[in-house]
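Common to both upcoming complexes is chain A, partnered first by chain B, then by chain C.
Coming up: the complex of A and B.
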């Protein structure tokens, strides 16, 4: 039993580690791809306009090629790091992989095929085709590379969103898997659409902050100043549009989470007791002794924004937001009317009824009793939405780790706010003043230093977003239907531990190689 | 045939003229070797075996024994 628990924890740690490393590369590909495409478009317009001075056209070509090279480095190092996640699904999470069926497999297969064709054609044109294609064709290939990368992300996020909010499927007990009943419901679920735009726009802001950060270093060193200013102009606008898009989609995400995953929202805010006009914690320290069923205060210290959580979750300052205790006990309130949701003890009971129905189906199948099979299938379908609760011993096993959800959420919001302010300042400075050295502290120019630190801030912010999304839905591999302890394969913990450290070593080497090659490119720019 | 030859030459010339790309291809090669030839072969074999029906039985057993 202990080995199973250890295997679960190590498998989770391994998946988290590989996904987080993978996510170091992906948002930069998405963000930098757009920046490069815009730069090349500017270059193409200048090139095709005979009145543009030759020197200006060449400046934009140099700009485009430099950032394209860094894009290529990141792409090359990051490519295939996501494949290992699919290995882990097949080996460590085989029950899950089978159980989700084509719903998960189809988007991943589309992504794989699409990525392969896009990357092997447009990517090659982008890097090898400067002399062989017209400027318009080359520019189109660059846009298609950026677009293709985003579309690849779409399919991955469709798969992830289905795990957060499963729709468009029926469970078939004969195949022991979920069968897709509506591709449109799966591919265009509001959760998937929202998640896609949230991820894409946040990646634009990350890619932009990376560009600005590198340029900050050039400004600090007094090298390539005009190059840096032009780059910052493009990146500043992309970053600002990106961070505003991230905030808008973050807001609609919060509404969706309140509706579909209220436990996640409660964990994000450390909210144990719901209230009307709930406050948003701007800064807080959780009380480690707080449990959902004791009377201790949830916070040791907090600074609140009055009614902020009600506005965030339900777009109504007086709306009720249920806390962890309310959700477990089945209480909510809509439009001032108290309503009963299904409490967690009942969910566990109904989950066990669903399990029993599956056993009955199995037995009827062995005896070729079609009436018994139909009866069991009908009963299973009636309680299937709570199937996962049948694996839980008691209600508090359905509470996600509150501290590991609360702190990353608040770090994400704080760093996102920093990025917003920094990008507003950047656009203002670059388009209005261009006095980089005016603002100084102890003789050092402030802006370039702020620019340099903003790139790592953007990465931490992006990683925190995923930590909130994934830890906040624990214990579920598939929301309400399959907890992680049911999703795991019968694997020994030793093997998972060993591969954890192999991945850690491999990915750390890749990251160091990327940083080393990029720094060399940046330092040696002519 | 001419199209195929043009495509081949396009990639061939592209790879030949790479500078930094050679280092990157070396890294990609090592990475893919480790991922597919070592990790996949020795550590990441699929946990379910047999026909689809066999796999369904294994999952049914796994999910109902808990």
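Coming up: the complex of A and C.
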């Protein structure tokens, strides 16, 4: 029993580590892909316009090829880490793979058939097809590579969103699994659509910040100034559109989380006791001694935005936002009317009834007792929405790690706000006040340094976003239906520990290699 | 569409993807040939260059193969991946390092040095075909697992039970099965022969042409021994026949009978074998003949298709369990629901268009 618990924890750690490494590379592929496609489009237009001076055309070709080289270095390692995630669903989460494979597998297969082939085929054209394809065809291939990467993100986010908010399925006791009933509901669920645009636009801003950061270094060194300014112009616009899109979709994401995953929202804000007109914590330090059922203060220190959380979660300054205690005890309030939701003790009870009903169904089926099967099916259907709670021992097992959700959320918001301000300033400076790029304080050029530090900020921000999304939904592998502890494979913890460290070693080596190659390419640019 | 038709259709698609994957693993075969010492540094680079821009296609086919298996036969995905843990993990490790090696090996600042990346390529070139081949052979020779669906209602933490349970070696026990090892080695040498055919087809260099043909003879000799032993082992193997959804009967010469009872599989197997041998012989004997890869490639695809068909069709469980034969997986008891298979079948109609643009792009690139 202890070994299984250890295996679960190490499997979670392995999946989280793989996902975090993967997410170092993917947003750069998504963002840089768009930047490169825009640059090549500008180049193609100039090339096809006979009145454009050749030097200008070549300048844009140089821009395109330089950023394309960095895109290529990053692309391969993103692919390498991606395949691990797909296979880990099977290797480490075999119960999960069967329980929801009927729904979850389809997006992965479609991703492979359409997105990966599109991406990998046109990637080859991007790099090796300059002499073999016309300018228009090559430019189309670059756009298709970027499109393929986004399409890939679409399907994987459909799969992820389904885990956060399962729709379009029913449980079939005869098959002992969930089966899809509506592909459209799964593929176009509002959660998936919103998450896709949130992720894509945030990746645009990350890719843009990377470009600006590299160019900041060139400005600092006084090298390739024109190249840097032109790159920043493209990246600045992409980044600004991206970060604005991220904020708009982030807002709708908060509304969805409030509705579908209230426990996650409460953890994001360290909110234990709900209230009408709930404040948003702008900055705060959690009280480590706080539990959902004790009377200690939730915060040691906090700066609040009045009614901010109600506005964020329900777009109403006076709306009630339930805290962790309210959710566990089954209280909420809609339009000023107190309503009772199902409290967690009852959920656990009903989850166990659902488990028992499923066992009864199997027993009745064994004895070919159709009346018993019908009775068990009916009982199971009544309680199935709480099936996952049947695996839990007590209510507080359903609370996500609050600190690990609260701090990343606030770091993400703070860094995202920095990115917004920086990108607004960048666009203003490169289009209106280019001389400001040389402005210095105490001998230090301000803009180049700010540009350089913004790239790591963008990465931390992006990683924090995923930490909030994934840790905030714990303990659920599939919201309310399957906790991670029930999703596991029958692999001993020693095996998983070993593979964890092998992956860690491999990914770290490859990351260092990628950084080394990129730095060389950047430093040696002619 | 009838449920059984959809299940058979998806097994057909899986077999097509599997067959294409084995053909495209000529990339791995080429990497394994980097171990050869009898070739100059410059020529080694030429060999690598010729396969360098093909790895993405092999890699993507592998990912799609995995994704399609997950989507269409999730119980196999759940059982095999979660159980034969080490087999899949080792395959994964080698594919991770392969994915970056072509790009990084000659890049400045790669930190690990070119030789390390070449070792990664060699490791992937040997291990991936060996283990993937071995994994496919367990479709005939079985694995050490049991499937107990009821375990879903028992908390793994308190009971220690999950749906699919494996023996303590998690797939590595197959390395002690000589038939599995022989099959894996056969696939490895087949990929090496394919790679040599590819070099003959792609590289205009007299030394490499000569070297490739010489190597083809050596590798074919080994391959033929392994092929004959594997075919003998397979056709004399005892297999299972489905009696009911989870009930099976042991049948002697199961796969030989399947070949006889499924003329399409028999024709594909024989035609494929002849094409592979014909492609090799023609390439070795006629120095001006350089299109052997298309003969051996087509032959490989046909033989692998036939193997998948005799593994999964004709009421045969494609993933037998030797621990508990009633846990064996068939295309009927391990598939996705009718709705999912039907939905994905409509999606699959676009596959020929995907192949068409891939073919067009590669035609333009290599022209």
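Quick note on the criterion: the second predicted complex is superposed on the first by the 520 of 526 C-alpha atoms of A that agree within 3 Å, B and C clash if a C-alpha of one lies under 4 Å from a C-alpha of the other, contacts with A are read in each partner's own complex, and residues count from 1 in each chain.
In this text, a residue touches a chain if its C-beta (ideal position, glycine included) is under 8 Å from a C-beta of that chain, and two chains touch if they have at least 3 such contacts.
Note that this is a predicted model, so its numbers are computed, not measured.
Fit or clash for chain B plus chain C once both are placed on chain A?
clash
Would you sort A:323 into first (chain B), second (chain C), both or neither based on which partner it touches?
neither
Thinking of the overlay built on chain A, is A:512 touched by chain B (first), by chain C (second), by both, or by neither?
In the superposition, A:512 touches chain C alone.
May I ask you to decide whether A:103 touches chain B, chain C, both, or neither, giving the answer as first, second, both or neither?
second
Tell me the contact category for A:485 with respect to chain B and chain C: first, second, both or neither.
In the superposed model, A:485 contacts both chain B and chain C.
In the superposed arrangement, does chain B or chain C reach more residues of chain A?
Larger number of chain A residues touched: C.
Can A:179 be said to touch chain B (first), chain C (second), both, or neither?
In the superposition, A:179 contacts chain C only.
With the two structures laid over each other on chain A, which partner does A:87 touch: chain B (first), chain C (second), both, or neither?
A:87: touches chain B and chain C.
Return first, second, both or neither, reflecting whether A:112 touches chain B, chain C, both chains, or no partner chain.
second
Kindly classify A:408 by the partners it touches after superposition: chain B alone (first), chain C alone (second), both, or neither?
neither
Taking the contacts chain A makes with chain B in one complex and with chain C in the other, which residues are shared?
Dual-contact residues (chain A): 72-73, 76-77, 79-81, 83-84, 87, 90-92, 94-95, 97-99, 124, 128-129, 132, 175-177, 355, 358-359, 362, 391, 485-486, 489-491, 495, 499, 502, 506, 510, 513, 517, 521.
Would you tell me which residues of chain C are touching chain A in their complex?
53, 56-57, 59-60, 62-68, 70-72, 74-75, 77-83, 85-86, 88-89, 92-93, 95-97, 99-100, 102-104, 107-112, 149-150, 152-153, 155-158, 160, 162-166, 168, 170, 336-337, 339-340, 343-344, 347-348, 350-351, 354, 357-358, 361-362, 364-365, 367
Could you please specify the touching residues of chain A with respect to chain C in the complex?
Result: residues 1, 4-5, 8, 72-73, 76-77, 79-84, 86-87, 89-99, 101-106, 108-114, 116-125, 128-129, 132-133, 141, 172, 175-177, 179-181, 183, 355-356, 358-359, 362, 390-391, 485-486, 488-492, 495, 499, 502, 506-507, 509-510, 512-514, 516-521, 524 of chain A touch chain C.
Name, in rising order, each residue of chain B that touches chain A in their complex.
For chain B paired with chain A, touching residues are 10-11, 13-15, 17, 20-21, 23-25, 27-28, 31-32, 34-35, 39-40, 43-48, 52, 55-57, 59-60, 62-64, 66.
Under the stated contact criterion, what part of chain A meets chain B in this complex?
Where chain A meets chain B, its residues are 69, 72-73, 76-77, 79-81, 83-84, 87-88, 90-92, 94-95, 97-99, 124, 127-129, 132, 174-177, 355, 358-359, 362, 391, 485-486, 489-491, 495, 498-499, 502, 506, 510, 513, 517, 521.
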